[in-house]
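Structures incoming, each one as structure tokens.
You will see subunit A twice below: alongside subunit B first, and alongside subunit C after that.
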Partner chain A sequence: MDDFARWLVRFQDIDRRYIYLAVAAALTLPIVLQLRMPQIPTPPTQAAFKAVENVPDEKVVLIAADFDTGTVGENGPQLRAVLEHLMRRKKKFVILSLIAPQGVTIAELYARTIGEKHGYKYGRDYVNLGYLPGGAPTLERMGRSVWETFPTDTKRIPLSELPMMRQVRSAQDISLVAIFTGSGVLPAYVQTFWAQFKVPLIEGCTGIIVPELFPYMEAKQLVGILPGLKGAAEYEALLQQNGLGMRGMVAQSVAHALVIILILLGNLGMWLSRRPSAQRL
Partner chain B sequence: MLEPVRNLWVSGLLVVGAILVSVAILAFLHQLAPSLRHRVIAVLTFFAGLYFPLEFFIPYHNFLTPWRNSVADFLRLMAAFTFGLGIINLLIIHGRHLLRWTSNAPFSLAFFSGFLLMLVIGLISHYKPTLWAQAVPKEAIGTVGFWDAAFRLFFEGALQSLNATIFALLAFFIVSAAYRAFRIRTLEAGLLMATAIVVMLANVPIGQQWLTGWIPEQSPLAWLRLEKLSHWLQTQVNAPTMRAIVFGLWVGSLAMAVRIILSLERTFTVGGQ
Partner chain C sequence: MLPTIAEDRLLAAIYWLGAFCTLGILTILYAENRLYRLLEHFFIGLAVGYGLFIAIRDVLEPVWWRAMMTESSGVIANFDKSPNLKGVVLDRTIKREGDGAWRWSPRESPRLLLTKVPTDWGAPNYLRLWLRSDKIVPDGMLTLRIRLRNPDTQKEASLTTQLPTNFVGWREFLLDLRRDFHITGEPYRRFEKVGRYRVLSGVTALELVANPAVQQAGVVIHLDDWRHCIGYRWWWAFAFVWGLLFYTVLIPRFAWMSRMALSVLMGLGAGYTFKAFVLEAGPQIYSSIKPVFGVPFKTAVNNAIFVTVLLCVMTYFFFSIEHRHPAIRAPARLGRWLLMLTFGIVFGNTVMGRFSLFIGRLDFLILQNPLTISVAWKALLVIAIAFALFFLAYLSVRWERQKQGVT
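Coming up: the complex of A and B.
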């Protein structure tokens, strides 16, 4: 028994190289082996899904791609899932970014790739307005007049020449703002689109900022949340598709289990080493 | 409504003109005596900082309202300038490494190669995607154009993957750090770990489906289901705490804004002296 306890004590100080190796295996093996796990959509994701379902045909959705390539692992699958949903329902959308110039490029690449399957055409079904620096005051300006804030799209085509944009003049023509970000950009949209123009907001965020968003959801300033990669996987479950979120979530699931096991082992080792009998050894 | 300038030469000249005027203003400010320069900055900061509160608190459409669009445009220009500053800074630092051929010169060379390659391909694929299109056989690159394919190769294939890889390295450090730091030595640490385990398990199918998924939704014990416990923790324990923290944060920001408007916060005007 003492030998076993002594063996367990060693777990309080595992060499970090073994930990890195275990993390690499936990993340790669489920993807390589194509393991599947079911997803139960939680209320925040269901609410976001419902908000997209309720978008009326005559209005557009504003896609705020406020993320860059660093958080594309989480925000990418979320955005893909929401775009897939919008395209299945034949809803039109406008892309912009308040803080990340790369975000609009990523969003347009996704829109183009997914759009090919659904027969979506640039200018008729979606438009990329590009990067919009300047924070809340610029968003407010856009809410009052889209055409004055963005005389052209990212390809320098005047908005008047884009068929879809003829009906999009102000926030009144936008029925939902879907924000995808790994930063605390939400207050700018709450102060403008929600507070001044009464446009509902949903947000797909990285896992680390989910706790910050619940107060906004409790206050009904945020209609729905896609929390991290899990949010993307849940949204895909609601869409009944097996996308990047579902596949990534299996790997994340195994990695979470590994973290919990390591923490428990570390504590067990520490606890055993502190026993009076262990100190006599 | 502002009409977009479609002529590339005219818009280019306008940009150059704007940069020259800005440089002239900066040079003028630089020539002033330090005390006078700080006074100019303080006065400008005072009026600029006062604009939004006054416009908001004076009821209805007031004398400041017509300027909202111009102020918003000015803010966009200011934000755009920060990009220019960033690029100039990078060019100076890496240029210096290259000219002196320091030990970091190969990295600087990689920076210049990547910067120029991405700049040229990005600009051409965006503004002139048909350039030399006839020189490349269409079947060689599929349904997308050559420049679009090149852009995708460098943006999605290189930049996006490299950036995501660097970000993903955090997973290794976080697991290692969590393993070392999460030791239950006090009651608070025990509570924190129990909460963390519940939220982590509820976030993954292993916890949701296998550990507590067997408890029926309608059962009196349904609250023990991990996703319900996690939702309760996040909405009833975490949300009020976060609300209090965010409230304090914004009150602090307001106090800091008042200090900046009144130039009591001197670090940004006098270089921290």
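Coming up: the complex of A and C.
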């Protein structure tokens, strides 16, 4: 017993690189072994799913890809899941970004790869409007006239020449805004699309900003949330699809279990080292 | 000439470059080293360069420069194909642009109706039309009418203007849609309006009618290159001047000028914040007032917890009264604990977020690997490369320590 106590006390001084290695192994093994675990969708994800499901055929969805490669690990699977859902339901969508130039490129890449499976065609079923900074004033202008705010798409094609965009003129033609971000860009959309144009919003966010979003959901400014990678996994479960979210959540769970064990061991070691009898150890 | 590279080979090369950079960046987990620093600078340079490129390509060029320097027009009709209209023929000899122009004889057909025109005109400011007359008709007048059916009101509307025929040869008509046209009904869309630009859509036809003087004169009119235009937004040049003011901060003598630009920006921001606060925070404050009585039991418990947490946290931040009285101290202390609980949740989510990023990279390194081998072999290959790169990092650290005389 004394040996174990001594080991626990010494465990506090373990080189942090061993912990990195252990966490890396805990995350890698489930991915390599391709383990699965069931996901039970939580109400915020279910609400987001329902909002996408209820998009009318004659209107489009605005995909706000306000993320870059820094948060693609979380926002990427969320966006892929929502795009898969939209394409299964044959809904049209428009991509833009207010804060992240890389976001629109990543989103279009996803749309192209997933779209190949569903027969989606650029210009007819989806359009990339690109990156346009300016925050809420830009969105307000866009809500009044999409054509005026974005004279062309990212390929320099005038919007009047894109078959899909002939019907998309203002916020009246947009039925849902799906925001994917790791930043605090949501207020701009709330102030404009939700408050002024009465368009519902859903957000796929990184885990770190999830607590900030619940007041928005409580006030019904957000219809649904996809919280982090778990949100993506839950959405994939609703789609009955096995994507990166589902694959990643096993790794997440194993790594979380490891971290909890390490925290417990560290605290136990600290408690033992503070005992009067610790001098003996 | 550069050698041709097959697309799959190029994609594989890009993948392996990405894999090398990813694993190289991860060597920071061992220690700060030269390989990591090199790749970090590489990534930052790449991100900044890409951001600049996108800012120029997607923002400055199309939204500012092109709008300022070009007419931003849309074609109504180019008159290059044979018409199926009485009194009109395609003339390939007399033309302004393209393959030809329409030769119209008003004596044969005083009314010309163009129906195959684009329905959506965006938000045009004026029309630019080219007309040619073979003789002057002093009392002659052509009536131009834009017929449309407004999609919002579902009612017919029109814009009408008169074009004099007191010219010979080609003449360009620039017709201001707000000033030069007489409006019947409501032609503009109700919802879409940006500044002074208003949207015209649902255009059904363009009508050109010659008055009796033109008909009797036997004049021949040529039509070519009709466009609706937004026009040059020359005033956007001031944005450049205003933007330059920010850089005067680099010249001490003119640094005061930067405050002008900054103050306008801050004023705009402050003004917008008032509006934003009402639109964003208002509904959240309203939704915080929850009933505890007269609702189902579960809702009542939830609401009671919500209100208790809200009041306790607010008490913690209420510094107008010293936190000595037990009625203030106890809720404030509870508020502090609740805040710590929230921060714990945020921290937990942060850890989850970091794991997710690593999982994203694992997906890239292992599952998206283009090699046609099993996942286990792909993982072993990645581990082997990682081991080699971490060994490089180790050598780099050891070399630097030796150089600095650190053992």
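Throughout what follows, the second predicted complex is superposed on the first by the 278 of 281 C-alpha atoms of A that agree within 3 Å, B and C clash if a C-alpha of one lies under 4 Å from a C-alpha of the other, contacts with A are read in each partner's own complex, and residues count from 1 in each chain.
Operating definition for what follows: contacts are C-beta pairs under 8 Å (C-beta built on N, C-alpha and C of every residue); 3 or more make two chains touch, one makes a residue touch a chain.
The model shown is predicted, which means the values in this text are computed figures rather than measured ones.
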item: Fit-or-clash call for subunit B and subunit C when the two complexes are aligned on subunit A; value: clash
item: A:162 touches, of subunit B and subunit C: first, second, both or neither?; value: neither
item: Subunit B versus subunit C as contact partner of A:179, first or second or both or neither; value: neither
item: Touching partner for A:154 - first (subunit B), second (subunit C), both, neither; value: both
item: First (subunit B), second (subunit C), both or neither touched by A:267; value: first
item: Touched partner set for A:87, first subunit B, second subunit C, both or neither; value: neither
item: Which of subunit B and subunit C A:43 touches, first, second, both or neither; value: first
item: Which superposed partner A:170 touches (first subunit B, second subunit C, both, neither); value: second
item: Which superposed partner A:258 touches (first subunit B, second subunit C, both, neither); value: first
item: Which superposed partner A:34 touches (first subunit B, second subunit C, both, neither); value: second
item: Subunit B clash site on subunit C (candidates 112-120, 184-192 or 256-264); value: 256-264
item: Subunit B and subunit C footprints on subunit A, overlapping residues; value: 20, 23-24, 27, 68-73, 102, 132-133, 137, 141, 144-145, 147-149, 151-152, 154, 156, 158, 207, 210-211, 215, 218, 227-228, 230, 252, 255-256, 259
item: Subunit A-touching residues of subunit B, taken from the complex the two chains share; value: 1-4, 6, 52, 68-69, 71-73, 75-76, 78-80, 126-127, 152, 155-156, 159-160, 162-164, 166-168, 171-172, 175-176, 178-180, 182-184, 193, 197, 200-201, 203-206, 208-209, 213, 227, 231, 234-235, 238-240, 242-243, 246
item: Parts of subunit A lying in touch with subunit B, wherever the complex brings them together; value: 14, 16, 19-20, 23-24, 27, 37-40, 42-43, 68-73, 102, 105-106, 109, 132-135, 137-138, 140-141, 144-145, 147-149, 151-152, 154-156, 158, 207, 210-212, 214-215, 218, 227-228, 230, 249-250, 252-260, 262-263, 266-267, 270
item: Touching residues (chain side subunit A, partner subunit C) in the complex; value: 17, 20, 23-24, 27-28, 31-32, 34, 68-74, 76-77, 101-102, 130-133, 136-137, 141, 144-145, 147-149, 151-152, 154, 156, 158, 160, 166, 169-170, 172, 182, 187, 190-191, 195-196, 206-211, 215-216, 218-221, 227-230, 244, 247-248, 251-252, 255-256, 259
item: Contact footprint of subunit A on subunit C as seen in their complex; value: 29-30, 47, 50-51, 54-55, 58-59, 62-63, 66-67, 72, 74, 118, 120, 122-123, 189, 191-194, 197, 199, 201, 272, 275-276, 279-280, 283-284, 286-288, 342, 345-346, 349-353, 355-363, 366-367, 375-376, 379
